[in-house]
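So, here come the structures, one by one.
Two complexes come next, and they have one chain in common, chain A, joined by chain B in the first and chain C in the second.
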Partner chain A sequence: MTERRAQAPDAVAGAAPGGLRARLAAAPLVLYLAAFLAYPALVAVRLAFTDATGGAFPSLASFRVLVSDELFWRAVAGNLVVPAATVALEVVAGLALALALAWRFPGRRLVRAAVVVPFALPEIVFLTVARSLLGTRGYANGALAAAGLPAVDFLAPGTALSYATVVAVDAWRTTPVVFLILLGALAAIPEEIGEAARLDGARGFRRLAFVTLPLLGPALAAAVLLRGLDALRIFATPMVLTGAEGVPVLSTYAYHQWSDYGDDGAAAAAAMALALIAVVASIPLLRRREAA
Partner chain B sequence: MRRALLGGAIAAVVASAAVPLLLIAKQAMTPERESFAWPPAWLPHEPTLENFRHVLAGAELFGGLVRSVGVAAATVISTLALTLPAAWLGARAPAVGRRLDAVLVLTRVLPSIAIAVPLAVLFVRAGLYNDPSALGLWLAHTLLGLPLAFFVLRAAFAAVPVELEQAARLDGASALGAFVRVSMPLARPALATASLLVFLLSWDEFAFALLLQVTNRTLPPLLYYLSAFGFPGLSSALAAIMVLPALVIVILLEPAFRSGLLAGSGR
Partner chain C sequence: MVGTRRAASAALRDPRAAGAVAVALTLCTAALAGCQRDDSALTLALAILPGELPAYREVVAQFERGTGERVVVVPQQYADIRRALAAEAAAGRGTIDLAELDVYSLAPSAHDVRTLDAADVGDLPEVLDRAALDAGTIDGLRFLPHRLTWQALVYDHAVLGRAPATWDDLVAVARAHPGRIGVKGALYEGLTCDVLPFVWAAGGSGERLDDDGALAAFRLFAELAPFLDPYSATFKESTIAEAMARGEIVLHLNWPFAMSLYASQGLAPDPIRSAPLPAGPSGRATVLGGGYLGIPRNARHPERSRALLRFLLSRDAQAGLAERLGWFSARRDAPLAGGALLAGYGAMRADVRPRPRLVDYPRLSRAWQQAFRAVVFGGADPERTLRDAQRELDGRAGA
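Right after this comes the complex of A and B.
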């Protein structure tokens, strides 16, 4: 790659991709990753183990701040409950949509394209719209008022309802991902299998439970894994809808420590806790890649 | 039964797509003085384009637009420059490719905040924090773009038969020449896909922008603050401006979407 001299024909093997000089092709990328991924990661570890007040290193002061902070424990709980609920909801919704839209009907292409719209919108656009829809003086409450019903505070900080709202909004935005994975898998099921099941008398729910779902197994697992990893990193949805403390998760907690308290150490410690969870959770994904 | 299910699914899909788009359009065309009426009106009384005028005339908002376009374009260039040679190597030497894979997956798996906090600290030291031309954000967005571009380009190079490159070498081309004149042109559709994906990634990106550009903002944090401080008209006009390129790119990339390419991209 990096050599510019004209090559004699018999030198082809000398620049074979496995060769040392060809490997230089990856050097810029590797250097970049070292500078902007590996080095910041080390800085984060150092920050997390540095005492913010005295500057002592190594110190567990930042972790003591976290452990004694009630908001941190709510963020840990939120970072488990919200992603789990979101993925569960969107797998059910994505599966239902994929099964329904796999049928032939006029306008099918258009409806399938419309499924993707919430995910295609920039995340921040979708979330600010969701807030103007669900705020105390939002359109949802306007519709409730028009129907003579009392107002509902969908985003009241810390309430079960605000958690449910964050989960629903996040699932609304990301269900298209699950839908696309499952629709692709459904299309790959050979028609003969459906035929055979029908001849054997499997219909409706029985066919779904004993024929279609088992065949969708690998795709469902892939969807849960991919979306689950992504859901662990949840940040913008609770941040935009309820602020950093309304429905706390680890990312909003780290942001809160960094931005509102200027505590780099506590922020880095919380971010490290989350990174650890994410990396451990990603091991099955890496295994799959190896296997593939 | 089947009919009811299908009807319900279609209604849910149409509503979930139409509600956000219609709300943006309605609020963007509503004069700000009408925005706070209770109960909220479903249509503007005096539809107007003044919100768009304010966005484009306001120094901060227009500056944000220029910054967002600049960062996204620069990110495309830097990401492609870094991944093109590496993706070629990854395709030609699978053992090296797998190792790069494992590291690049990390950038997708790590939460944005976990990288953004130490980067912010480093950028403060280096004078890149809150840089007016968003140099620091550009460096961060390049990091996010790398795995996306690498996976797309490597798949494309893997589809180019190695014999074509060998033939060019036998005809006297250098290794670089064979790459530039034979493999790159054949990978052109993938180059376009990767460019659009990376542009969209930077255009939409919120977390790094929120942390690294605290006053010299790009559009996503600008939209966040405008909406949080109660300017539904202005923020919706800004949202409409942000949506347009995103929808165009998604329509252009529809085949890639369908093949599940974006499934793990976590946009």
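Right after this comes the complex of A and C.
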């Protein structure tokens, strides 16, 4: 069976690996990647190393702009703190939801659908709703006022609370990804294993810690890898909720340089810094994934 | 190759497959035909709000009726128009026939547009405001002022009763309404447009951060800082206008579009009104803004572009834009826009000043922004901040 599967692609292509027909079959993909991935990336690299004022290449002028900008360093810190906190929160929440909703109970499908709704909504719609909810005169503060409590500045720029709010809102929107991965993995655990654990006296927390979680290890690693790399690209949540300066991350900083200052070189340099962080972060994540 | 030919002939023998191929080919042809550019129409790239487009089209329709031309108005942001012009100039061909740019971005785009000679502009230099015309002259006349704009005070009349007329009044209002005074404090050119009027109103040049006027203005900012809305650090034109519409702030500086926005929401001319900026020790001032028209270097129909340009700057068209959109004209013979809605803007007309005309203006502008944020949001000492900022600017200029 394995042998037949291994031979299948060549059989479909009808050509030996490395042959002309195989190369022709791969050509559209190569052209696509060259046109839409490699070429824009090379242009961005060239832009980052071009002096915006004099047009000199190569130049480190754009990187000097970044290094001397306090907002850039806040964005670097934000790009480490916010994704890490978001992924941690959504792994905990996604696991809790998956464990809770793996049980059979009436209305389970409806509850599962409700959990997935934030991810199914268009991002801008979800974030606009979140901003209406959490703004100074939003529904949350309306509810607090009705309860006789003081208003809370959930989104006040640069405060710890605004960082926590961005983390919570982003986790709220993307937890369904982790939830769905873990729910699928839970469903794949053979019932016999749970049965055997129960016969051996493992119940409740012990069964979760020593049976379920180890079996979920590969799925958890996949979820962390997927969401960890995706979370590094965070843009819309801090941008819509707090603007470029409120909770800065590298993508909002790059957008700020591009849009507010028209400095394409600094924007490309910031994007390169983000790419570098993503590559560095992916190495341990991939190693853990392989180990799992 | 043989296999492909064999597969094709097999497909053509199957009537259903042949039908599917025919439908696919028809759809592709239709899609390609739909993507064909209409070369006969003139394309005008303009920074205009979607709500303003119908009124603008009414004015352009007069040109279309008079000449038989068709004009496609493409609403875009200034930054996008600037990039499109640069891309078309680099490519050696383009689709834009006439483009509007912010006065702030004229210099970087100057060589992406054609120079205008006497035959192109007719009697326009005689009827246009001299200072406005000068702003469009960069290595020759390249841009003509489509509309002028400047900031005024926008305030909640129902809450304040009257607008603060002096700096002392402004401080009194801030103390009486803590957290409800807004400033466009995000790091962008809009912040410079909020800072410079105060610097000028205190006798500062706007070109140096360490003169007495700058220091007086920054001392005022430091005094106002504790009473500003905390979201001021991220406010821009649209977000501060929205905050005022929600009743979160009672006073801010903004461009005339904000009043049109409030009017459309039933909030202006009451309770939200416009007023002149508060006078400082040396009077009042506000920053000149506005949209300028230029003909791209690679415009497909330069002659027709010139005709459209002349029409848009004609007295009738400018009067139409003033009446329908409340735009201020650079033509001295055009009626003043506004009525009650823009009364505060009209009253500021004599106080409008262009930004410093320096080669390195963007760097100066950033220095103003960073100094403001350091003093207002970082609590830094105004005198030391301004002195250090000027020293850094001088150092970079020397380097």
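In this text, the second predicted complex is superposed on the first by the 252 of 292 C-alpha atoms of A that agree within 3 Å, B and C clash if a C-alpha of one lies under 4 Å from a C-alpha of the other, contacts with A are read in each partner's own complex, and residues count from 1 in each chain.
The rule is short, and it goes like this: contacts are C-beta pairs under 8 Å (C-beta built on N, C-alpha and C of every residue); 3 or more make two chains touch, one makes a residue touch a chain.
Owing to the predicted nature of the structure, the values given are computational and were not obtained by experimental measurement.
K.L.:
Could you say whether A:Leu97 touches chain B, chain C, both of them, or neither, answering first, second, both or neither?
P.N.:
first
K.L.:
Contacts for A:Arg137 in the overlay, against chain B (first) and chain C (second): which applies, first, second, both or neither?
P.N.:
In the superposition, A:Arg137 contacts both chain B and chain C.
K.L.:
In the overlay, answer first, second, both or neither for which of chain B and chain C A:Gly148 touches.
P.N.:
Neither partner.
K.L.:
Determine, under the contact definition given at the top, whether A:Gly54 touches first (chain B), second (chain C), both, or neither.
P.N.:
Neither: A:Gly54 stays clear of chain B and chain C.
K.L.:
Return first, second, both or neither, reflecting whether A:Gly201 touches chain B, chain C, both chains, or no partner chain.
P.N.:
Touch partners of A:Gly201: none, neither chain B nor chain C.
K.L.:
By the touch definition at the top of the document, which applies to A:Thr242: first (chain B), second (chain C), both, or neither?
P.N.:
In the superposition, A:Thr242 contacts chain C only.
K.L.:
After superposition on the shared chain, which partner residues are touched by A:Pro190: those of chain B (first), chain C (second), both, or neither?
P.N.:
neither
K.L.:
If you tally the residues of chain A touched by each partner, is the higher count for chain B or for chain C?
P.N.:
Looking at chain B versus chain C, the one contacting more residues of chain A is B.
K.L.:
Which holds for A:Leu232: it touches chain B only (first), chain C only (second), both, or neither?
P.N.:
first
K.L.:
Contacts for A:Ala156 in the overlay, against chain B (first) and chain C (second): which applies, first, second, both or neither?
P.N.:
second
K.L.:
Between chain B and chain C, which residues of chain A are contacted by each of them?
P.N.:
137, 259
K.L.:
Within their complex, state which residues of chain A touch chain C.
P.N.:
Result: residues 14, 71, 135-137, 153, 155-158, 242-246, 256, 259-262 of chain A touch chain C.
K.L.:
Please name which positions on chain C make contact with chain A in the complex.
P.N.:
Residue list for chain C touching chain A: 3, 79, 82, 105, 108, 186-189, 230-231, 233-234, 236, 239, 243, 246-248, 362, 366, 377.
K.L.:
Under the definition above, what is the set of chain A residues touching chain B in their complex?
P.N.:
1-7, 9, 11-12, 15, 17-18, 22-23, 25-26, 28-30, 32-33, 36-37, 39-41, 43-44, 47, 96-97, 100-101, 103, 105, 111, 113-126, 128-133, 137-139, 141-142, 145-146, 172, 177, 180-181, 184, 222-223, 226, 229-230, 232-233, 235-236, 240, 250-251, 254-255, 258-259, 264, 267-268, 271-272, 274-275, 278-279, 282, 285-286, 289-290
K.L.:
Could you please specify the touching residues of chain B with respect to chain A in the complex?
P.N.:
Chain B reaches chain A through residues 2, 5-6, 8-10, 12-14, 16-21, 23-24, 27, 36, 38-40, 81-83, 85-86, 88-90, 92-93, 95-96, 98, 100-107, 109-115, 117-122, 139-140, 142-143, 146, 150, 166, 169-170, 172-176, 179, 203-204, 206-207, 210-211, 220, 223-224, 227-228, 232, 235-236, 239, 242-243, 246-247, 250, 254, 257-260, 262-264, 266-267.
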